[in-house]
Amino acid sequence: DFLHALENDIKPAFGAADEKLDTFLSRGIINWGDPVTSVLDDGELLIQQAASADGPGLVSILLEGAPNAGKTALAAQLAKDSGFPFVKICSPDDMVGFTESAKCLQIKKIFDDAYRSMLSCVVVDNIERLLDYGPIGPRYSNLTLQALLVLLKKEPPKGRRLLIICTSSRRQVLDQMEMISCFTDVLHVANLSTGTHLMSILKQSDAFTKDDLAKMASKLSGRKASVGVKKLLGLIDMVKQTDPKSRVVKLLSKLEEEGYIDLVA
Amino acid sequence: DFLHALENDIKPAFGAADEKLDTFLSRGIINWGDPVTSVLDDGELLIQQAASADGPGLVSILLEGAPNAGKTALAAQLAKDSGFPFVKICSPDDMVGFTESAKCLQIKKIFDDAYRSMLSCVVVDNIERLLDYGPIGPRYSNLTLQALLVLLKKEPPKGRRLLIICTSSRRQVLDQMEMISCFTDVLHVANLSTGTHLMSILKQSDAFTKDDLAKMASKLSGRKASVGVKKLLGLIDMVKQTDPKSRVVKLLSKLEEEGYIDLVA
Amino acid sequence: DFLHALENDIKPAFGAADEKLDTFLSRGIINWGDPVTSVLDDGELLIQQAASADGPGLVSILLEGAPNAGKTALAAQLAKDSGFPFVKICSPDDMVGFTESAKCLQIKKIFDDAYRSMLSCVVVDNIERLLDYGPIGPRYSNLTLQALLVLLKKEPPKGRRLLIICTSSRRQVLDQMEMISCFTDVLHVANLSTGTHLMSILKQSDAFTKDDLAKMASKLSGRKASVGVKKLLGLIDMVKQTDPKSRVVKLLSKLEEEGYIDLVA
Amino acid sequence: DFLHALENDIKPAFGAADEKLDTFLSRGIINWGDPVTSVLDDGELLIQQAASADGPGLVSILLEGAPNAGKTALAAQLAKDSGFPFVKICSPDDMVGFTESAKCLQIKKIFDDAYRSMLSCVVVDNIERLLDYGPIGPRYSNLTLQALLVLLKKEPPKGRRLLIICTSSRRQVLDQMEMISCFTDVLHVANLSTGTHLMSILKQSDAFTKDDLAKMASKLSGRKASVGVKKLLGLIDMVKQTDPKSRVVKLLSKLEEEGYIDLVA
Amino acid sequence: DFLHALENDIKPAFGAADEKLDTFLSRGIINWGDPVTSVLDDGELLIQQAASADGPGLVSILLEGAPNAGKTALAAQLAKDSGFPFVKICSPDDMVGFTESAKCLQIKKIFDDAYRSMLSCVVVDNIERLLDYGPIGPRYSNLTLQALLVLLKKEPPKGRRLLIICTSSRRQVLDQMEMISCFTDVLHVANLSTGTHLMSILKQSDAFTKDDLAKMASKLSGRKASVGVKKLLGLIDMVKQTDPKSRVVKLLSKLEEEGYIDLVA
Amino acid sequence: DFLHALENDIKPAFGAADEKLDTFLSRGIINWGDPVTSVLDDGELLIQQAASADGPGLVSILLEGAPNAGKTALAAQLAKDSGFPFVKICSPDDMVGFTESAKCLQIKKIFDDAYRSMLSCVVVDNIERLLDYGPIGPRYSNLTLQALLVLLKKEPPKGRRLLIICTSSRRQVLDQMEMISCFTDVLHVANLSTGTHLMSILKQSDAFTKDDLAKMASKLSGRKASVGVKKLLGLIDMVKQTDPKSRVVKLLSKLEEEGYIDLVA
């Protein structure tokens, strides 16, 4: 059924979206622990449901987690894994300075295009920015909110299938806006939370010697942490600018300073 | 009188609306228990009143209930059952990204068309979305609210008859907006609330063996539940993606996880 | 003087308004008790004052009462009884979807037309809808409010006379808006409040046999009620759809269910 | 100096304003007691100051009092008494449905015209309506407020003189808007507050016989009251529609009913 | 350096501004006490700083004080004293009914003109009116606020010098708007506060005889007062309309009535 | 790598920005103490990270501190030190009176230009003014906020590098707007806080004799202070207008008066 659709879908849209997906995945997905596996597995099941002929026409997923947790990269990964011929990205990056009506129109257009294809996947990145959410007030674009509330529940035309993958770092705000209940499923994208998680990332990088890694491992062993994968990769970039000998100390002190790992009692 | 109108009504509008009604009824109406019967019966009586020559020119019904309870499908069913020659759907699905004035104009046009026919039925789906209701603020389109408050009470021209069927999952909001008192009658669309209700649905599906059903029946017997028919049908779709042997367990655990059925004490 | 004006008034506007008045009076005025008489009498006195040569140029009346109490019908009746040659209706029914400035312009035009006639009567129906009053917020059109506050006090040109009859089911809101003090007089349109009141209406209808009426009379005797005449007439319509034998029981149970009559202790 | 100005002022604007002043004074000024004398005297002094060559170029007066107290009529009387050759009326009656910017423009134009004349008088009636003051919110036109705050303090060009007479029944609101301190002087227009005040008005009317008046006098003697002269004249109009014999009783009962005079203990 | 600039500045703008300065100074500056001297001295120092070649390019002064305290006249005096060849007035008097964007544009234009001259002085009168400050809400033009916040700190082009003199009677509001810290210095314009202060003004006027003045002096000696110089001059104008013999009494009673001087215990 | 980019970058934009940087640095950077060194050092490290080939494409810095602390000058210094061929300034000085959409467009254009260059540096001065932040309300431009929230995190196209340097004196407001977490790093620009700090600045100026400086040093020794470098330089300018002999006393008394240094107990 899936292959059949692939063969018969007349308007596959490779190109632009693929490139954007790669940008989102610039550093790949490093499997630093169970939370990553879990998101990928649950995601796969939902994709199957979306692709299955006797399933519902519409499956919508929300990937929610702290800033820098890796939400956008995981959304891109799922979109790639789906193998759906039509993939489209709806990202605030491409709508800087748009009025709310322009934003709304753009979103609508992306969905309208998706409805025309047999198997479509729409990635809606950073919902709170699409909604122009400003915490002082608070303010938000009700026009965009209403559009999303409808689009997240609107069935594609008979026989077509649509997979929607959204990301947000403001779950609570979406909840207040009564958007959470619109999703088929909500998957949590976690921060790295143990020394072991951190070590998985450090080992993949080329910034440290074996000795460094061993030192780090002993220092981090058993400590609680809370840092997003994007932040951690950024800090590693920073220590790379410094003298190889001082990197371990530098990284540890930066991690403690900013509160990303617990201080040793 | 009803037949006479049928014969003489010059602008019956089959087609578009009929198709939309079918979409709304994609999985039909499964009579899973008394609450369903009750809505259908009360609905029939109100339809008769709307069709009767010496009745009032206007009958308006609100179908209200939780998200996924089956409101839209039941509204479509009543509209079909009415046999009224002119049926028109007013749905937020068709107004994504409309400004409030565009929405208002569209609604007005649908009613104006309806007034031109002898026997008309207008289905107004998802009123809170038509009103652009955003719970943070809260915000809503007062222009649309005012239009609906008038249209729900405005008699069609002399001799014509109009049946209005609305749906909403925000009864309390409509109450605050003083819209509830505008309806001739308000019918509650309930969630499935007992194991027996759930079994009625499960039996209709082709996802389970007889043994599965027996197992489910014993597990669900006497337990309280609260789940919308649309949600339940969706979960059945999901378990269909999994190994036939694990479906019963999978469905039960999912139902418990999401709080749709009480945990066994 | 009144006759003289009638003969010399050059722009009497029969037609449109007359038809609309008839629609408002579709079921006539049934005198179900003292409150009805009282409104009609007070209204007559005010009409005389408006018509009298040495009276003031402007008389304005507010008919206020609960939804369905019969305000619009009574306003229409007074307008008809006045015998004023120029009668104009200003009703939200005719302004669905109007912006506040369009509404305002329309209202202004109606009054400007009225000022051109010697003896004019303007019926302003459902003021809260003209004001686009939305209870959440609350919201209202200040443009329209300001226009009405001025128009309700503005004398017609020298020698002309103007009778304004308004209706509203939101007295308290008008009070907060400081509109109440603009009227020459405010008349309360009451709900039916006793069994005797109800019997007056039931006797006029063709839905019940003599026996039915006797049964009803004994059941309703001495009970307190609170129901608008429009609602009651609607319920009678509904029971007419049912078997003649069950009508009495059906009507009584419906009245009790909805709280329109007190339960018997 | 005053006469000189009269002779040399090139653009006197008789006509329109004069007519309007007469409308405002349709029933003249009845001197029902000291409060009336006091307003007229203070007003005269301020007019002299405005007209005097070595006085300031600008004098502004606020007449404030309850609705119906006679503010507009007294403003008109003062404007007439001033004998200023250029008199202009700025009244909300002429701006029904104007947007705030249209209102503002109109006000500005009136003042600009006034600046062109040697001796000008501008009557600004009903300031709270010009400001579109709506008590729910509250709302008001800040554009108009700012314009008035400036215009009330802006000196006319060198050598010219300007008298501004404003009326308002919302002194407290103007106070909150910090407008009160803009006036050269604020004069209170009082309600009639004693039986003697009321008798002064009743004696002027042709509605009562000598006997009636004697009866009234004895009934009202020593009682406290609070009624605006416009309201009282209106009530007299109303009782004139009734049988001459019942007028005294009718008027007294109406006055008591509406709380305009104290009940006899 | 100052003279050099005078000679070489190509676009001096005499005329319009000069006339306006004279209007602001219609009654001159009477030195009624130390507070006046102090403002003039501090002002002079700041002007020197603005004019000095090795000083900063920008000096901004706020004159703040109660309504009628004489702020505008003192601002005009300082502008005149500066001897700067380019003087421009930015006053709400000239922007009645302007939208906020029109106001903003006008202000911007005045500053842009100033930047083109070597030595410029801009008088910004009555900032709270430029900001359309309405205390109910409160409301204000944020567009104008932002423009002023930037313009008050923006250095003129290299080598040019700019002196900004602002007035306001709402210091606290400017403080809340964080505008106060934008000024180089803030000078307080005080009300007259002692009998001696008042006598300085009375002696300058031609309204009183020597005897009158002696009487006044003894009556006022040692009493506390709080009255703006503009108000006091206005009251003197008023008493000039009355009989020379009663002037002393009239003025004293008026001053006490309005609370401008303390009552004698 | 850095040099390679320099050679190959086709659109270096010297000129306008360079001049503006010089204006911002009109009085140079005086190293008055450790806080200055610290900002310059941390800044250098971040610049290296931005320039490094295997670093991230985007580095963003916030310089935050009290008004007059020297934020803008330090931002300009870092931009100059970076040696990046494309430097662009985004300053509210150049957007006076711009509507929020015009501001937004301008900001977007600056970033779009930067993305076209291999190595770009954008200085965003005074973020709270770009956001039109008004503390009463509070008010701000949500359009601009949303644009900045996206632009601060948006990676430049593959292979290009972008350094963003922002300044703000309202850290807390940016925090509430959830903008702080968008920066790679936040550097605090401190006020001078000790007598030693002040002496460093005084010694650089040509306003004092050696004796003066010695006197000052003894007076300031050990005292706490809190004054921005811009304010201090301004006060030195002011005392330069006065007699050389009184300068020390004048400066000290002014510093104490305004609370910039603690009073001696």
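Lettered A, B, C, D, E and F in written order, each chain numbered from 1.
Note that in this section contacts are C-beta pairs under 8 Å (C-beta built on N, C-alpha and C of every residue); 3 or more make two chains touch, one makes a residue touch a chain.
Predicted model only: the values in this text are computed from it and were never measured.
Novice: Using just the Cα atoms, superpose chain B onto chain D and tell me the rotation angle to the nearest 5°.
Specialist: Rounded to the nearest 5 degrees, it is 120.
Novice: Quick check on chain A against chain F: do more than half of the interface residue numbers occur in both copies, making it same, or fewer, making it different?
Specialist: Since fewer than half of the residue numbers are used by both chains, the interface counts as different.
Novice: So the centre of each chain is just the mean of its C-alpha atoms; given that, what is the distance between chain C and chain F in Å?
Specialist: Once rounded, the distance between the two centres reads 69 Å.
Novice: Using the average of all C-alpha atoms in each chain as its centre, how far is it in Å between chain A and chain E?
Specialist: Each chain's C-alpha centroid was found; their separation is 60 Å.
Novice: Please tell me the distance, in whole Å, between the geometric centres of chain B and chain C computed from their C-alpha atoms.
Specialist: 35
Novice: Please output the residue numbers of chain C that touch at least 2 other chains, ranges allowed.
Specialist: Chain C, residues with two or more chain partners: not present.
Novice: Chain sequence round the ring, chain A first and chain F second?
Specialist: A, F, E, D, C, B
Novice: Name, in rising order, each residue of chain D that touches chain C in their complex.
Specialist: Chain D residues touching chain C: 23, 26, 67, 92-93, 96-97, 99, 129, 132, 134-137, 139, 234, 237-238, 240-242.
Novice: What residues on chain C touch chain D, complex-wise?
Specialist: Going through chain C, the ones touching chain D are 45, 48-49, 52, 54-56, 101, 104-105, 107-108, 111, 138, 140, 142-143, 145-147, 149-151, 154-155, 158, 173, 176-178, 181, 184.
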